[in-house]
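Alright, structures below, take your time with them.
After this come two complexes, each holding subunit A, first together with subunit B and then together with subunit C.
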Partner chain A sequence: MNRPPATLAGVLARVPGVAWILGLLVIGFSFFSRDFLSGPNIHNIGLQSVILLILALPQTMIIMTEGVDIAAGAVLTLASVVLAWVLVHGGSLPLALAASLATGMMFGLANGMLVALLKMPPFVVTLGTLGVAQGLALIVTDGQSIVVSSDALQAIYNGEIAGLPLPLAIGVAVYAVSHGLLYHTRFGTYVFALGGNPEALKLAGIRADAYLIAVYVLGGLMAGLAALILTARMSSGHPTSAIGMEFDAIAAVVVGGTSFERGKGWLFGTLLGVVAVGVLRNGLNLLTIPSSAQVACIGLLVIVAMLVDGLKGRR
Partner chain B sequence: MNFALSRPGRFIGALTADLRTVGYRLAAALLICVILTVASDAFLTANNLLNVLRQASLLFLLASGLTLVIVTAGLDLSVGANIGLSACIAASVMKLTGSALLGAASGVGVGLCIGVANGLLVALMRMPPFIATYGMLWVVHGITFWYMAGTTIYGFPAGFRALGSGYFLGVPIPVYLMFVFLTLGAFFAQRTTYGQEIYAIGANRESARLSGVPIARRLILVYMVSGAMAGLASLVFLARMNSAEGDIGEAFTLPAIAAVLIGGTSLFGGVGTVSGTLVGALILTLVLNGMNLLTLDASWQPLVTGIIVILAVYLDTLTRKRAEARN
Partner chain C sequence: MGEATVPLLELRGISKNFPGVKALDDVSFAVYPGEVHMLIGENGAGKSSLMKVLCGAYTADAGQFFSNGEPVAIRSPADARKFGIAVIFQELSLVPYLNIAQNIFLGREFRARISTRIDLPGFIDHARMHREARKILDLLGLELSTRTLVHELGVAQQQMVEIAKALSQHARILVMDEPTAALSERETERLFAMIRQLQAEGVAIIYISHRMAEVFAMGDRVTVLRDGRKVGSRLPGEATPDELVRMMVGRSVDMTYARRFGNCDGEVILDVKDLHSENGVHGVSLNVRRGEIVGLSGLVGAGRTEVARAIFGADKVTAGEIRLFGQPHQGSPDQAVKAGIALIPENRKAEGLALIRTVCDNLVLPGMRKVFPSRIYKAARARKIARDLIERLRISTPSPFRAVQVLSGGNQQKVVIGKWLSSESRFFIVDEPTRGIDVGAKAEIFALIDQLVQQGAGVLMISSELSEIVHVCDRAYVMRDGRIAGHLAREELSEENILKLGMHHE
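What follows is the complex of A and B.
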């Protein structure tokens, strides 16, 4: 159980990897593009990164249990489609959000049960549920966008709380809750143990399976919540809107220093990783590099981060 | 199956066990055929059956290399993206040079390079295979989209197109390719030292290492084969479609993995055959073909393939648990 201390000194000692990447990206982009460090652009990076953050935080915990959820992007897409569908068919926003959260939760529950109870390998299981979620999204929408004109939904994206844009406020709240869960509850301790030494949990008489399922359910719920912001931003539910977004999330987690193999995780690192991925995408956008090439850059970023992780582990 | 060559008696036992697993699956495929014959008039026609065989052969070409990777307890998630890039590069080279041969060589070459990159990441950098190939998926995907920039390349020489849409003695040419590579694959896996070492790595890597199997080199080899087979499959697909776009590989990853798993290859390594994968590809194609004939929209395909993958992994896990309980 390698639980990093949540003290300032402990945090500072572990910053370098991600901070280096982030620092280099910021310096590089501000050098190449004048608009990069402008107020509106920074605001923009924040707004764009919120969905990623909401996906990446539970993904961090899942990866810490030596699992992964590659269905997250497809589940987010399906939840967004469901949310839009409910709104278009006359449902209220709270009802639509409930439906979206329920969709996410069901997929989280399915993933968790398949992994925890049936002991199936997480990568392939979530690849299967990815297909299921994507298929359902295509079937519900018939491949078309569901366009929503809802003032309540618009207010979610454009609203403010105490000067902070509402999506950012949601992001901050999700981070605070995740931090509390992981570092200050028994649940969090067990998440660390699930990756580090699940056998010890069982010997201690703790229902490890239930906690493992809970981690995946949390991931599903967060995908449902992220669907609210995504649908509000696009004013529609589209059957491929967030396909592949789990890759950005996993990239952020890995770049942030969470390891796939040793049950080591770090929530603040994920936050920095999310900002790094957001900055990378935004900066490449400003340099008018197409989003397809951005994906390749993020892929390279992950492989480099994994290499560094692997080298560190061998020492 | 593991270490079957150590004793002749065991080898025969293992062979019959293999035949049995393939036999069960062939029976399942036949059952699906019977159901579809009853359910749809359009199923039992020469045209439709040849169509099924042709689609299954493309899937098999892609999944055969993947089978070897999964036998080593690895995974190659980049095969779909690999098809996309290989096809686009092959198409583009063919357009530029006007030579089908150069185009085909570059397609297989690109696939092979992607495979080698995967192998290096897995074998030398010791990255978990699914992460390495998942990252590679997006890198390759990104490069393909960036390279194609939304354009389509179409119209290839007739000689090249025969590879995907030609017939010989009334049977589509890809079907011959399927049987050629089935024979090669089965021979390689069952009758060569390389093949046996690959099974040994999957069954127990530590004991394989202690018996002197060069793990890193064999791992690079299987990922290379998987990449090259994806490159070859991309040629057949390209020849069939007669056009290349950036997104053509997307739909292949899940079916390829499904075909391998239905074919009885275990994700936990050490167990599986190329012939099983052929039957797996056949079963999956039959199911998708049946859905098509029963006028279920194409949107249903990822859903059904996803469920099939989950079921196959479940059976695999169950079998493994039983085997562990027995030992």
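What follows is the complex of A and C.
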């Protein structure tokens, strides 16, 4: 096809905006903070980014279907609270994880069915379930933390597999599974079609509704899985622990070059976007910039990423 | 050909209603193996609806399908596919961010296998998919990589992928909706060669066309539809193009909106010379005089709306000249409005009305400058103007302060057109003014347009309804492929003449 000639400029022009931004952030922070490129800090960025990655990967697929899940952070919070509650009440870790996954899955199912079957706007649906999940989390905990002292849970956060911290290993596994799903299965192909041309899917005799529901269910399940790492990291379930994390997740997806239109999406871009958001948060922490200002910076990051891609003439 | 055998598929008494419209009315239709069955008719004759019933996208309200004398149920796209019906859609059914191979096999992906015996459920055998896609592209003479994303392709290439997709289904019945509309001559020849080969293999082909030449070159049988009904079937050898055109138009003439035609020797208001736009207008010249309604006709996709958009400044003009009231005009829509052009768009709900605002607000909006020279809004004055207009136009609304969205389609359209009566516009482009409006309201809409003309305005009217052009316009231009195919003066204006110009005879 009409590929530009392989000049240096041509090659550079094809590097996505998120890669430029990530590079600039890394260079910038390593200049301002000596600790930034230290081994422990990089390790730290990785651990902090894993939860975001697990939320952002299914969010990518949801956004590709021209939807959005703004309940992700609240569902993650509720799942974490449920997980802690089960552990505190004597349940085993597998049982607690199952409860957490079930919680996420139920919310995903509700979101998906409302969006796919009742044709309600995803933003409104997930705004509603956001409120429900947040409210339930507050009710279950009575507004307090549920502190967990479970060796099994600690082992999740501190454990290692082949030299890789266990949370990171989980992140790698989730990325691999997501990649396989999106690019090598019928499910993934239909995710592209759900956003790009749902009519084509129906004319091909495919139950488009069922696949759309499945995308949201996947999002819920992943929130349930992320709850495991979140609860382990904090040794507790707290009713506001991940409130607002959907903002970081959606930002990472958009920064990574996935579009809200026509089923355009890129999973590796989301990975870069997650790292960019993680690096930004971590760097700002090192520079002791308060969390509220960090949100503003992430907002700016989204806009800058859009501008860079816009200037490069990509649509 | 096909006379001796039993039909591969027979439709009996198919009807399909939409609110207010009978899209298909008791249509019976049969296709035989190895036959190319051409389907022709005016815009809105029911060709596309029939095709959608065939492929299971619409469920017929009445009627049955038979195959070899046995009734068959086709109620969903999956049923149609199982029966062996494949469709080449005109509105493309492709997914932009999937590649060519993925699009060709959408919904029919090859399963990945662990071994020769065991499938890997849900996973796709990409290698095989690309191999098979390559074979089909080679058949069609397409040199594209099967890994090219479809959104990177041009319209013609996308149409070829659409064709490849249908061919890959190895269907017994192949339905094509104007497959050559976007194709070059070479690609068309390739397609025709493919069709002949499929024909020899016993595939039945239903081919919707707007091109007479194709009807006679490819068709073994022609069926003409009009107003959702089947007019008749002919063998091309027994019919002439003129006869087919007569079958397409012969509608009972509805004279309720015939108007008196005056002498049109007013000054030229709009003069367009050799207009080209980036959106498919290729050298259009036309003019409109004060006090006349000029029709812009042609089949859907001929470029009528695109001409309007170019004149109005909504699409970029790449060459040519537009003179308005003697002055050269070019620029953005707001300049067009200042120059006195009003565009009354095809889609009134999206572009013509503020639906949640009141009738009064909508009526006063375009005339703001004239109505309130001091630039200060006076509610009492607005109310008076709105009341006058409502009475004059006989808009049935409970009060001037009801939201426009509660009105009927006809009354909404009266608001859309009527609001310009209070403005200073003297040139109007009206795009499909009667779409979705019942017959009674149509006459009133035309009376309203006539009123604009009586006030000394000029009107360029786009309409797909040939009878409207014939009965309302002083004269008309007929478009084809983004060009003016011909001009018809008042005495030459007939549906037949419009169709003759609008269809392809090459």
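Points worth noting:
Throughout what follows, the second predicted complex is superposed on the first by the 288 of 315 C-alpha atoms of A that agree within 3 Å, B and C clash if a C-alpha of one lies under 4 Å from a C-alpha of the other, contacts with A are read in each partner's own complex, and residues count from 1 in each chain.
Rule of thumb we're sticking to: a residue touches a chain if its C-beta (ideal position, glycine included) is under 8 Å from a C-beta of that chain, and two chains touch if they have at least 3 such contacts.
Nothing here was measured: the structure is a model prediction, and the numbers come from that model.
Contacts of A:Val147 after superposition: neither subunit B nor subunit C is touched. In the superposed pair of complexes, A:Phe123 makes contact with subunit B only, with no contact to subunit C.
Between subunit B and subunit C, more residues of subunit A are touched by B. When the two structures are aligned on the shared chain, A:Ala155 is found in touch with neither subunit B nor subunit C.
In the overlay built on the shared chain, the residue A:Val177 is in contact with neither subunit B nor subunit C.
Of the two partner chains placed by superposition, only subunit B is touched by A:Val295; subunit C is not. Within the superposed three-chain model, A:Phe260 lies in touch with subunit B and out of touch with subunit C [touch as defined at top]. After overlaying the two complexes on the shared chain, residue contacts for A:Leu287 are found with neither subunit B nor subunit C. On subunit B, the positions that touch subunit A within their shared complex are 75, 77, 121, 125-128, 130-132, 134-146, 149, 246, 253-254, 257, 261, 267, 297, 299-310, 313-314, 317, 321. Contact residues of subunit A toward subunit C in the complex are 1-2, 180, 184-187, 189, 192-193, 196-197, 199-206, 262-265. The touching residues of subunit C, when paired with subunit A in their complex, are 55-57, 76-78, 80-81, 87, 89, 92-98, 102-103, 106-109, 112, 122-124, 126, 144-145, 148, 151-152. For subunit A in complex with subunit B, the residues that touch the partner chain are 68, 70, 114, 118-121, 123-125, 127-136, 138-139, 142-143, 244, 247, 250, 254, 260-261, 290, 292-300, 302-303, 306-307, 310, 314.
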